[in-house]
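Read through the structures below before going on.
Paired with chain B in one complex and with chain C in the other, chain A is shared by the two complexes that follow.
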Partner chain A sequence: MKLLTYTKQDTFVHHLSGVTKLFFFLLWCVVSGLTYDTRVLAVMIAVSMWVIWDSRAKWEQFAGIAKLMAFFMIINVVCIFFFSPYIGCEIYNSRTDLLHLFGNYTITAEQLFYSLNVMMKYFTIVPSAFAFMVSTDPSEFAASMNGVGIKYTAAYSVSIALRYIPNVQSDYRRIKNAQEARGIEMSGKAKPIERLKRTSSIIFPMLFSSMDRIDVVSNAMQLRGFGKKKKRTWYAGVPLSRADKTVIVLCIAFSAAALWLTFYDGNRFYNPFQ
Partner chain B sequence: MKNNNVRNVVAIGIGTALYVVLSFIYIPLGAIPNTGLMPSLSIIAFFSAVFGPVVGAAIGLIGQLIYSLITGGVWWSWLFPMAIPAIAIGLFKGKYNVKEGGFGGRQIAVFNIAQVIGNAIAWAFLAPVLDILIYSEPANKVFLQGIGAFVGDIIVMGVLGTILLAAYSKVSGKSAGLKKED
Partner chain C sequence: MRKSDEPIIEFKNFTFQYKSQSEPSLFDINLRIYPGEKILIAGPSGSGKSTLSNCINALIPQAYEGTITGTLTVDGKNPAKEGIFGMSKSVGTVLQDTDGQFIGLTVGEDLAFALENDAVEQDEMKRRVAEVADVVDVQKLLDHAPNELSGGQKQRVSLGGVLVDNVRILLFDEPLANLDPATGKKTIALIDDIMKVKDVTVVIIEHRVEDVLYRDVDRIIVVNEGRIAADMKPDDLLAGNILNEQGIREPLYVTAVKYAGCTIDPKDKPQHIETMNIAPYREKLRAWFEKAPAPDRTNNNPPVLEIKDLKFSYTPDEPTLRGISLTLRKGEMVSLVGRNGAGKSTLAALICGFLKPDSGTILLDGEDISPLSIKERGEKIGFVMQSPNQMISKPMIIDEVGLGLSVRGFPAEEVRKRSEDVLRICGLYPMRNWPVSALSFGQKKRVTIASILVMNPELIILDEPTAGQDFRHYREIMEFLRDINRKTGVTILMITHDMHLMLEYTDRAIVITNGQLICDDTPARVLTNDAIVDEADLKRTSLHDLAVKCGIEEPSEFVDRFIEYERSKFAKEGRSSE
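Entry: the complex of A and B
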């Protein structure tokens, strides 16, 4: 199974420069972090969904991660409920009881609405993150990061990371299968500390092959004169197109509008209860 | 000097890839919800001890950023503290002698003291405070999660980090082939 690998496609999202997508992304993260305004979140989810639809990412590519995300999301919401069942009421300054559970725990409409907002935050980012991973060529990404003023050595580190994630992933699978074939139990049957020690039987071979890989790759780069000069040129570099500039301007406009809508009443929460 | 620079660039890249892939292994502890053992943290501890604070911190920040982007959005409050244990461990890089094969009792003690202090600052204090400031989450929940993360992280770095460093030190030091006789 291929996971977060770049695949060449002919879509709008693929043609955008890596930096444009990164910019979109960072703004998206900041806005989604700051706002609790349900209307803003809804628009952001719609855009994210469109992006992943356009990037033609396949469901199998990210089904596993999506399930993990759903798991964390549900735990977080349940946790918030059990630690402070009435935080929604405090935030929205009203209380509508729906269902009494036990003791001091009553489900209120405000708490449900707050939880909905917390969950929506997840959906604003994750789909576009997948789209970014499958639609961005690591080399082009490094070039365009350097193009906007990031040091090229730093850009190269990120590009190497994105490039080697699939390799490390297949290493991981191979080594895990080999260890399980030798009878090392990796599943939930063992105790936590025992399992932790056993994961070292996977991590250690991976770490070794990675240390070798670091030697090989850094030698190869040094032989080609990497790091000698302050600047370098890029094979995969492409100047920002008109579409890129349009997207950047739209992103800024949207973020400004979203933040204004969120904060103009002095409160980051959208309150339908008043 | 130049030589090290290129190696560090590559080490950050490949270390980050390792961190991201291993982040998907997660061992729940059960006692505190939403916290557990994350073996991937041992990668940060390892790279900090071998390559120094900059490499370790960069792996923590970039790796956690990529991982959290693909699993559910960035919690900025839990991202930035990632760098602190790495810096704490990396500051004493010169003392560990990992590559020379000298990672033994004293070095293990220094490594573990550094990681416990770094993790304490990062998770028991900084992350919950940022959580309250940025996300207005309930205080008792985030401090409990912070303590949970602190305990989980010192276990991972202490057990797994020490095992990895000691084993790697043993193997990589062998090429020198010389042992001091008593």
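Entry: the complex of A and C
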């Protein structure tokens, strides 16, 4: 199972340069972080959803992380409610009681609407992050990072990490199996403290075999001249296409418009209660 | 072939000492290698042969520090001054670990790696990658990721990745270590083919002399204890006894001729069995064969492990195992062989319970073990991984050995007693309170085997027990396993690529190809059967060719008697040295 790793596909999103996608993603984060304008968030969600649909990411590829995110999102919303149950009312300057729970806790329409906005923020960013990961060729990405001025040694470290992830995963599986056969149980049967102690029987062998590998890889890289020159060219590098430039321009235009719409009345919140 | 009188590599009174060591690793080396030559540097582990090669590509002194006296000139340059980058234009190094050397995410990128670092323009780069892909025959694989390639294909990519730089010297560090025998043969042939189209000097560091000699080499340099023990033409070297004295395995046919009491004349060209003149030795060899005792390899002990029609697939419709049935009897030593990806490791994983079969049964002592967990199976079936670094997690030897018992809740006193008993059997008792880090690779291997033995398993499965080991350590590990097998009666199953191991140390070989068991017979018969050898990417033993050349009707019988003779010889040597 390829979890959140690049899979080669023939889609619009895949053909975009890594830099374009990174640019899009960063702008999305900034705008989504600043705005509470429900209309802007709705548009951003629509775009994000289209992106993940187009990238053909499979649900199984990111189901685990998506569930984890959903869990945090719910905790976030619940915490907001318990710590400041009327923040929605303060923000929107109105109060519409829906259901009294207990003590000082009453569910209000304003609080629900505010929570909806908080949740929408997750939905603007998370799908596009997944789409970015499954649709970006790490080498091409390293090349384009270098292209926009990031040092190539730093840019390359991303790609080399991705190169060896499968090796580390298979090492882990094999070491875990062999240690389990020796009786070091890692499954739920053992007590949590025991399990923690026993992870050392996997961590140390992992560490030692990884260190052996790092030694080999760094020698191999140097022997073939990595780090020799200040500049480097890229086999997988692709120049920005017209589609890339169009997307970048559209992103900037959208972000500018979104921020204007958010702030023109001096308030980050879209208020349907007035 | 030598093309010039000016050496391309020249060591003059060269001595090197690692920073962390008290003694030099190379003493007063004088060595000249000429352009266009193909040189084999052979020597046991720790002899200094890798140190020698690391001096040529400047890993010494840049990555591994130390002091140098004397001079070394490589392609007109001083490696110590030029550094790794300076030498990378002249010397291309192919490392033993082809997976570690594969840096790019695809074949194309990996081939281009050196060009990228040289900031070659992309158009030029693509052209040169296409060119070199043609030389090493990976044109169709340019988009493939490393995990989609076989060991042999990775080796080709490694070679292409250094050839792309138009280097003048190719340095191979144990190129055969991780390959199955047939792929190893192809690699040696590929090196030869490249020398025909490219003007390069080739230096191969390897202790598998017979496998490298599959194609001609100009000279063999034998290194031991930091000095050059011999610098000779292969025919002269094989005629003498230097390889044996230095702890390097001779080609088997050469050893057989010597066992028969003959002295080899270099004029008979012993470099290849195919072209060797056997006439002067034929009668003595036949006489030796008639006299040598015939071994009996039948084993009628009760079965330990019975596998019936075992099927498994990782992805539906692509079966990895297509119905394997086999029986292991008590006290047997059996080898499991076949090319990479044939299903050997999968079979071992199914026996240990790491994977669940799609269908079929596994019986241990007549009982179905499918309900047992990995841990429960581990008490009866031990699994030893290839590298001891993948298993050892405790700093002290005795704790590591006792780990399997202490996590099962045995009382401390019993754990200590049983650990000590096993340490005695394994010859590690005097070191029981040493830190693991003070041990050599072979000793660490013993520790991992001891840590399995302590649980009194009925069957031990070893994955490539001697991979990457030289002849001396190989023999040390294998004699150790045989000794354990005799003392405790434990059944041993070994996954291996090593044809010598299979011949010398196992009574039976199970051959798997494409998920099917295609042969289950004595190693001597397997390795003299051309159909099986070809189908499973094994390598026919040269003893077979020798027997045929001598007109012996039963080549497999010849092989068997040779092995029997050698076993009793080693056993005697082992006893007298104890």
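The working rule: the second predicted complex is superposed on the first by the 223 of 274 C-alpha atoms of A that agree within 3 Å, B and C clash if a C-alpha of one lies under 4 Å from a C-alpha of the other, contacts with A are read in each partner's own complex, and residues count from 1 in each chain.
Operating definition for what follows: contacts are C-beta pairs under 8 Å (C-beta built on N, C-alpha and C of every residue); 3 or more make two chains touch, one makes a residue touch a chain.
As the structure is a prediction and not an experimental result, all values here were calculated from the model.
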item	value
Which of chain B and chain C A:192 touches, first, second, both or neither	first
Which partner, chain B or chain C, touches more chain A residues	B
Partner chain(s) touched by A:72 [first = chain B, second = chain C, both, neither]	first
Which superposed partner A:237 touches (first chain B, second chain C, both, neither)	second
Partner chain in contact with A:227 - chain B first, chain C second, else both or neither	both
Contacts of A:139 with chain B and chain C, given as first, second, both or neither	second
Partner chain in contact with A:177 - chain B first, chain C second, else both or neither	second
Partner chain(s) touched by A:126 [first = chain B, second = chain C, both, neither]	first
Overlap of the chain B and chain C footprints on chain A, listed as residue numbers	159-160, 162-163, 167, 200, 203-204, 208, 213, 217, 221-222, 226-228
For the chain B and chain A complex, residues of the former touching the latter	2-3, 5-7, 9-18, 20-22, 24-25, 27-30, 33-34, 36-37, 39, 42-43, 46, 58, 62-63, 66, 69-74, 76, 134-138, 140-141, 144, 155-156, 159-160, 163-164, 167-168, 171
Residues of chain A that touch chain B when the two form their complex	4, 25, 29, 32-33, 62, 65, 68-69, 72-73, 75-76, 78-80, 83-84, 87, 91, 121-122, 124-126, 129-130, 132-133, 153, 156-165, 167-169, 172, 192-193, 195-197, 199-200, 203-204, 206-208, 210-211, 213-214, 217-218, 221-222, 226-228, 268
Contact footprint of chain A on chain C as seen in their complex	57, 59, 62-63, 84-85, 88, 93, 95, 97, 99-101, 103-106, 108-109, 112-122, 125-126, 129, 143, 146-147, 161-162, 165, 349, 352-354, 374-375, 377-379, 381-383, 385, 387, 389-393, 403-404, 407-408, 451-452, 455
Contact footprint of chain C on chain A as seen in their complex	8, 137-139, 159-160, 162-163, 166-167, 171, 174-175, 177-185, 198, 200-205, 208-209, 212-213, 216-217, 219-229, 231-237
